[in-house]
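Next come the structures, one after another.
Look at the two complexes coming up: chain A is in both, with chain B in one and chain C in the other.
So, the complex of A and B:
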């Protein structure tokens, strides 16, 4: 760099306390206070990504963040700054994941509009039972989608900006969920139906996603268990779709959900690798998640009849074909459980399926039987 | 369930059925479709044997089939009761896409468009659905419409989605050429402070959003776009700082940041500080930065951030307007809030770092800063104060030049300064400032 000699003020005290009477004077003391210099980030094949600017000091998030003022990571600090952050999440293992930059950039590239990217004109009147089933599902999804908006948002505010890559991914998730909440409301009101009964599927009970006091606890419930189950359904959405609009909705939502689930899996993997002392605790969260994997009302393919019956109607092609729909519903449950096992293994907690701790293999065996 | 043509339902909810009580034409059509074509999907017709097989079984057999003897309630699917069917507060809605597609605002038809003045329900019951009673609350604390509403929120939400951009690929990064050291340093310093501004946007908004009642989903959804924008701003300014041989500079002075973060008495107060005061300042600064940008990459970033910020300001101003119209004495409260805010804002202004960095950019170097850059800063500040005062006047928030710190008053237009100098300082404002 090299600030020119004529303005280099050497040992002059830092300028933040200075009050220049005549504002035509230049202090310029701030030019001596800066982060690592001579940085030249260069774009990679996907443009200038977050990964491309993780260089030098700037690419190195602290294991424990002391940042309580909100200073951008790598910038020079002011001694007198207010500690306004009150960040509860300051330990890297609590929230970090190795591919946050990738997930963030992908989220930006894959944003879509429920207003203009869904071919709404392909929706034609449907038989009443099918429209009702669709609207019941839409009501449920309009209700639950934004739990994954409200909750990540709250955690963002509690997390030090030293982990801004992870925070930015969560902010993309809030955006995605906002769109999911509205695309299902749009579908419910687009074809001669309407909203039906709310399920209370995200009520504030102990062990709910809303009320988790630890980020990883929340993430295991939200990303791994809850969104994992919904991702399987969206991926198989074609089986429940009656027109290109619905197919597009499920496909685009699945794309988004895949990123959300990936966040959870990658975070848990990082946690497994860097905080072995928390293994048992994480297993307890998974125990809890598995207890509700088919019961409760958060998994629409589970035991809650409003959503499971709706799904069976959509999958079978009407009430008259409920049995066929039921078989497909069970096939979806099977797929949900298989994918859940895969994710938990990938996250580094697969031992629970070998040592008998998890009931999921048993559930799978029963379904197969 | 009463069926009705959706458009008609939207416009005339009282005429859900024809005057004779017979279903409307559209409802009859729906029924017609429903009866002969139960198996609407091709695949159903193609698999009659499978269907017949399934129908031939008794219900108990079916449960056995799927549950391995009916012993496990988790894997079984019981006989359907369909007790959720035929339950809707308003059925027969068919909203069609308009020229901007199927927008969030266009869904506000019939009961779905009824936005009550308070929303005591603390569940995620979607507006217009039949609530499920007896569920423990999620914990939404902000439940009055006047505490968050802005009429344009739904449209701003859709606009934000249409105008999305990605700094990684949309910014012409290769247009950045090496700059003089002092100019590069100044750009990096400004980017550092703009990162911090974006950080405050993120933290302030996301600490409120989850507290807002579900019935006002348009606002919650719009705010999701606002934090998404801010995440992108944080990213874009950091990328610019690390691109051209510089780095991040010195942390900002942070008095205004603290004021925004600590304004958690009410969202409207946060809006006044974040969107009105800081937002108007940032907007003005970005317009000057765009004018004095050194390359297309910077010009592009500033132009797109200005677009995003314009939506934030629009929401903020519309919300303040709504709040003033619906809450008694609210204009006076906001006058006090700003009276205090002005003082804190002025304290940040005492810090020379941002002023000098901007002057260097405007003057294209340190010498240029002395020659013209500081004058441009003054012009920028005059623009900022004019915008702020105009907005406050439009909102009906009383402002007194006499009560304004000198660091801001000096930038008021001469006539406004003279006129306002005679105004009384609200007593509450003086007390709050003390």
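So, the complex of A and C:
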């Protein structure tokens, strides 16, 4: 089959089509180079989800990926293509979780807008100490959410496209954290206050998340210990809220955060089941994370002065009720630790609480006493 | 007029919830869980137990069950009848839960929490937080259901 194409374009055209001004034969060889064919995915009750297209080769991620060229999973490989990504995460157990497709669809469908889904009109002037305490928390959470968005973004780029389900969940997390950053910034600027002094909350334990050498190391620090603690704070935010806008902010952020924690728990569960040789290594990551939990120095509900004081003021209803607020804060700390222990158990590493390796149960008993 | 708690009441609320697309946005959306509702009766009478099922964008209603069924749900929410009625009264009065009557606030303000589980698996208990806005929308939908007092 032949075709004559005469293209008359101006000299300044940037289109490649402008170069096709010679008589030539069509090259339809690409039509024979394809992945598995005659695939007919069918929508399920929730639409055409990622789970619905896990068909044949397309639904079969490799145990170890040799893909360094960005070829989509299941597509035909292109001869002679060069590397486009320095994908360090190429072993399935390093990043996989069984419900990544599910979490991704859920993340897509449960998005919200900080501009229009928060009843900003319900915010009214607050006493100075309450407003300052709220703005201190807003400043801290903006800092922390920056890390929570930044870190997974780095790991997305390091992960082979063959594990795109897990990558997609992380990309949604980056979007979620962006929204968290902006919603706390908006709150700080919405009621006559503003941002306070940076807390430094991203130094030390929180900042060290970004030094992780391994995805599971990062996930155990970020998703299990870090976001687990922040999830408790978001949930408890309703107790610190003084209007429906703040309640909605905390409630909606908590939903997103629970999804991120779910990623971490399910990834560690997969790791526990498929990579027993890495159990001790993962316990070491948890040891490190727990040192931060035990010191409480970077935990807004722990001994981190700027945030623990501001939370106590918000919980108590002002500086004058600081002690009452502090007692409620201690109850929050107790819940943080209880939930942490149960999440680690759910992830398959609960033996550390039975064999004396973890000191979190002792701290919990101390707080309860 | 359905009485709370009853299968008819949960069915009527589910019909309102399923018919209002606004509940699928603003932090609502796909929700997949089985949640128990335990209504403690006064005078040490046996509690009423219902199992609420959410699949995708729909609530399939609340089925009466016995206490043993709580072992199978992801989490369950337990309060005395009077507290459930106070929460529903607030929702009726304002069109949605306010102040300390949201599910999350009720959970936080109670010594043992509102939501818990038999299995103790925090991953499944976390579904109460992960789908909290949907659960709240569901009970908020009861503002449009005339309810008989038990």
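As a convention for this text, the second predicted complex is superposed on the first by the 337 of 369 C-alpha atoms of A that agree within 3 Å, B and C clash if a C-alpha of one lies under 4 Å from a C-alpha of the other, contacts with A are read in each partner's own complex, and residues count from 1 in each chain.
We take it that a contact is a pair of C-beta atoms (placed from the backbone, for glycine too) under 8 Å apart; a residue touches a chain by one contact, two chains touch by 3 or more.
Small disclaimer: the values here were computed from a predicted structure and weren't measured.
Of the two partner chains, chain B and chain C are each touched by A:105. In the superposition on chain A, contact is made by A:236 with chain C only, not with chain B. Legend: residue contacts after superposition of the two complexes on their common chain; A:151 is shown touching chain B, with no touch to chain C. In the superposition on chain A, A:356 contacts neither chain B nor chain C.
Partner contacting the larger number of chain A residues, of chain B and chain C: B. In the superposed model, A:244 lies in contact with chain C only, and not with chain B. In the superposition on chain A, A:369 contacts chain B only, with no contact to chain C. Once chain A of one complex is fitted onto chain A of the other, the partner contacts of A:189 are limited to chain B, with no touch recorded for chain C. Residues 46, 105, 109, 111, 113 of chain A touch chain B in one complex and chain C in the other. On the side of chain C, the complex with chain A involves touching residues 24-30, 32, 55-57, 98, 102, 104-105, 107-109, 120-127, 129-133, 136.
By the touch criterion given at the top, residues 45-46, 102, 105-106, 109-113, 117, 231, 235-236, 238-239, 244, 247-248, 251-252, 254-255, 257-259, 261-262, 265-266, 269, 339, 342-343, 345-347 of chain A touch chain C in their complex.
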